[in-house]
């Protein structure tokens, strides 16, 4: 049993991590911390976890966390970087579900996250935890930077095309739609039911923090320069990301469908749909799967890839557990095979 | 043209009042006040009002408001009572859409609203603005207390039964369901899309401020004592109230359907459905109508009345305009005959 | 491993049964039948079950089903009664999730279901599968009539009050709200997104088939006559039932909260909330729990009980599996402890 | 008063047309036809039209329709072409809200609509009713082909860029999201609340009938060849279309914002948002407005235009009335200035 700690368990990604871990057969929950809710039973805040009435939020005490083998950070950006060095020194392995260690270049990180990085020395050794891309490095990683939700859907969607090689200056356009849970649990007007319900809108069209993250990873996969356009939207549902990806310059002789099938044939959680089938977010709601389809509509210049995930599972807590499983030598899918909830 | 002022135009009821008044042929908008948004075009905050780009929020200045013939308060509870006396002295007629003047008994009001009333002397002369109940008094009223959304749906629903007379200690149970816009525009966790969406819950079961308001009015209609149980619920839609009303002790010889039809035959905005038909909130979304059905299921002891309104229209801004029309001698339905939005 | 068959696996309750059984450690799925989808992989129709790509729908062949130890019927009303006698003769134990065996009186059944019963001789021996009421009989039952979704929420909600005894002619009013999945997967206009979304309505107010079912069971619990009013509503969410229950005549000296706590203290799947707490459907979405609160608002005549379940789990497939666990001597909660999905 | 007939008034676009026309001051409704609902009051099917209890569906009788000055077809594709020649001969002017006259090339039309065209001779003289593109021709048109909902949002969105000229082989990618009402009122599984709710999906990615329509019109605006990719999606709301448009090859020296502002400066129903502002579908719900923003994110190669409309208003019935106003010399915005419904 891996002794696990969670820092910041009160947000939606923390709650989802708990949902997965309470039924994970290889994990023992050592500490779930929350400064604001310390002393309160977890099932009081999240009654869906009623079967684990014993769990109680505790203060985020480094001494307690150091006794864990693995600590997950489900806290806001800029939290983990202040605690991770001390935990790592104590031998704890860390999965940060926030953005502190996702960007390799410290200046870029500081520009986008508008703060000084507390431990830039860790950025290079942190492994970007997109499992299907970096599985081998994750095995031995001490610190995993769990990807953002949009980057997970987008990078998985274009990965096979980039690995096959794109011409210089190819365009990658990621039109991404997220459920409202992606906006977190902090109250704000645009996330109110009366505003987000029966509404569809784009946001941060000119600058979203997932843009440099996606760009960095795409650039890492291919040696040619990639032009990335990324447009995030909010759609009136709670969970799910749907990314519609438009890629120009793809070799017309490439068999798209079989390229995708081969790339992901051995993957546990990536399903390439049969030709003609199209993915829906509801099919992965509550599950760790990414479902993909690829096509060249109207035999045109543009290849269209559709990629769906649950933003809270494969886009956050599920992938974090998938990475933990790998880090500790467990079966990668342990605790993650619950079927999604449909309808 | 009636010169109109609105105090507190930034909430949902204020926005709805504006939506109705900008196309009302008998009204000239003199001032729309908002302390927080002063100087900002109304259509910037509420782009659905784009056809009226000239409207700009102004500071709530008594001098300006005194030039109006009619001032609506769409502000939080406890706001109007501090401004109304001065406005009334200047000859302005007032419709308060909040609760400051709904309860006749000052001690009861202060108990439920947890503050000292600033002008208790006005409580007796204020007219409770349920149009179908108090039309004649509204004509000459200087101050109208516009009813709460739940009270409107509930009282209209049981009015004919109470007017026919109920035995002592009859039970009236009001099981009421509201769309989330009833919770207002202030951000709070339970009103977030991720919390209120795909969720149904009750709230304030043991104490809701509309209980004394409904109780007072029911008691005013009938001379016997009424036992009122009122359970408010939140349903995952933006607009609408559905009240399911259970009344015991109704005379079995009463022809329910014709009693209701006769009572509301001359009403512009209350429709009694044909026997067997049932109302739906969507049929009144965006309109000022109340739709009712009455039945005695399984020929049992309990009469069941179903009553639907749009909480922001007949339950707030629409009824307020209906009252203004009456106060100023206009056709009661002027500016209020827009069809609801379906689907 | 119990060898299990499912008849009619293509509707929502069948899909939900599959979702639960594919991760149930004590069950081996022998046959999932569907006349319309025979030959098609289950994961093709329900991609949320992607981890079980081996499952394929087969024709509903009695020979194959007879090899099962337990057969679930997730088929429309009137299906099971034609197949159950033959299966039972072959020693198969049956859980019918439809209504064929819920009503003891054949004339009543035929009146409400508008058809002749094919095996009225089985009605008396069929056990009504409300686990918390009939656990001991379920252990040895050959045929379990799994309760309807509304009856489950309603009966659990008033059970402790009825067991304590009510005066003659006490009123039980069940105001129940269901998610749209309760209407099934057959296409019909009122269940369209554009009709049911942003809408709240009642239906079958004067006659719903769950009325005689609830009435029969309430009458079985208490020796006094119960007056039941039952109003079903449709609320714009996919899953969940919220029952608001109004009971008159409850002994004022009864400690409501402790009565409920004691009654359900040993139950796995019924949670009585702390005083002041109120249940929400979202807290049980995807889980087998029923959550209850009980109160006497305004210290009035009426006791109000709030009861929530997921209509597809505790209201259908989950309770069916709970019953199967009991019938076959397994731990009652085996395979049923997955946390609900929140948010 | 223009004497108006409506053929096929029972679908959502017919109902919306009625909603607009019943409060249009320049129109007299002569006949609303429906084969299936003949004899039924319109307000019985669409209770939101309760203020017009006099309207009754009649059989689609050509004799009656010939007495109209203007006939709208809100019927399925392939209906109007069988009735239009006879009506036009009788001097009736026609607005077809279906697709019968949108495509100029008969072979293309027959390929996409899978039937033989009944009156190909009318295709050339029919005017494509995108008001902002063809206003002058609409004035004198005898037959207007009202645009599809997606084409309206897409073409308005890229119109100024195409009019400025694009290089040969520029890419136009239209990622479009529609509310579920676009799927119509005929019951089908994917449009059920339980399927479309809490779900996001694409459909007809490889072939959608609006592709040739958009392509034809874009090609008509610019002399260079346009590569069009069009991906329609379904988003869980009732009304609204959000089109995210990606255009390559736009001249970098072009001032995007002022180009758009100038192009639409005199338009009644197209609003170009201020720089930095982004449109939301909810802002146009129930109104005839199109709201647009244009930007070049990250100073990249791709210009991104966001375009929102209500699919049933500017995307169907509203634009149809706008065209009728022009055809009959009325103020273009007559009867169309109702504010949208927010929230």
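Per-chain residue numbering starts at 1, and chain names A, B, C and D are given in the order in which the chains are listed.
In the analysis below, contacts are C-beta pairs under 8 Å (C-beta built on N, C-alpha and C of every residue); 3 or more make two chains touch, one makes a residue touch a chain.
The shown structure was predicted, so the numbers you read here are calculated from the model rather than taken from an experiment.
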{"item": "Longest centre-to-centre distance from chain A, chain (CA-based)", "value": "B"}
{"item": "Of B-D and A-D, whichever chain pair has more C-beta contact pairs", "value": "A-D"}
{"item": "Whole-Å gap separating chain A and chain D, where each centre is the average of the chain's CA atoms", "value": "39"}
{"item": "Distance between the centres, which are taken as Cα means, of chain D and chain C, whole angstrom", "value": "46"}
{"item": "Whole-Å gap between the CA centroids of chain B and chain D", "value": "37"}
{"item": "Residues of chain B engaged with two or more neighbouring chains", "value": "12, 179, 181, 194-195, 197-198, 236-239, 280, 282, 285, 343"}
{"item": "In the complex, chain C residues that touch chain A", "value": "12, 15, 19, 22-23, 46-52, 181, 197-198, 238-239, 271, 280, 282-287, 289, 291, 337-343"}
{"item": "Contacting residues of chain A [partner chain D, same complex]", "value": "169, 171, 173, 175, 177, 179, 194-195, 197-203, 205-207, 211, 227-231, 233, 235-240, 242, 244, 246, 248, 276, 278-282, 285, 293, 295, 297-298, 300-302, 304, 306, 308, 343"}
{"item": "Chain D contact footprint on chain C (complex, rising order)", "value": "12, 179-181, 183, 185, 187-189, 191-198, 236-238"}
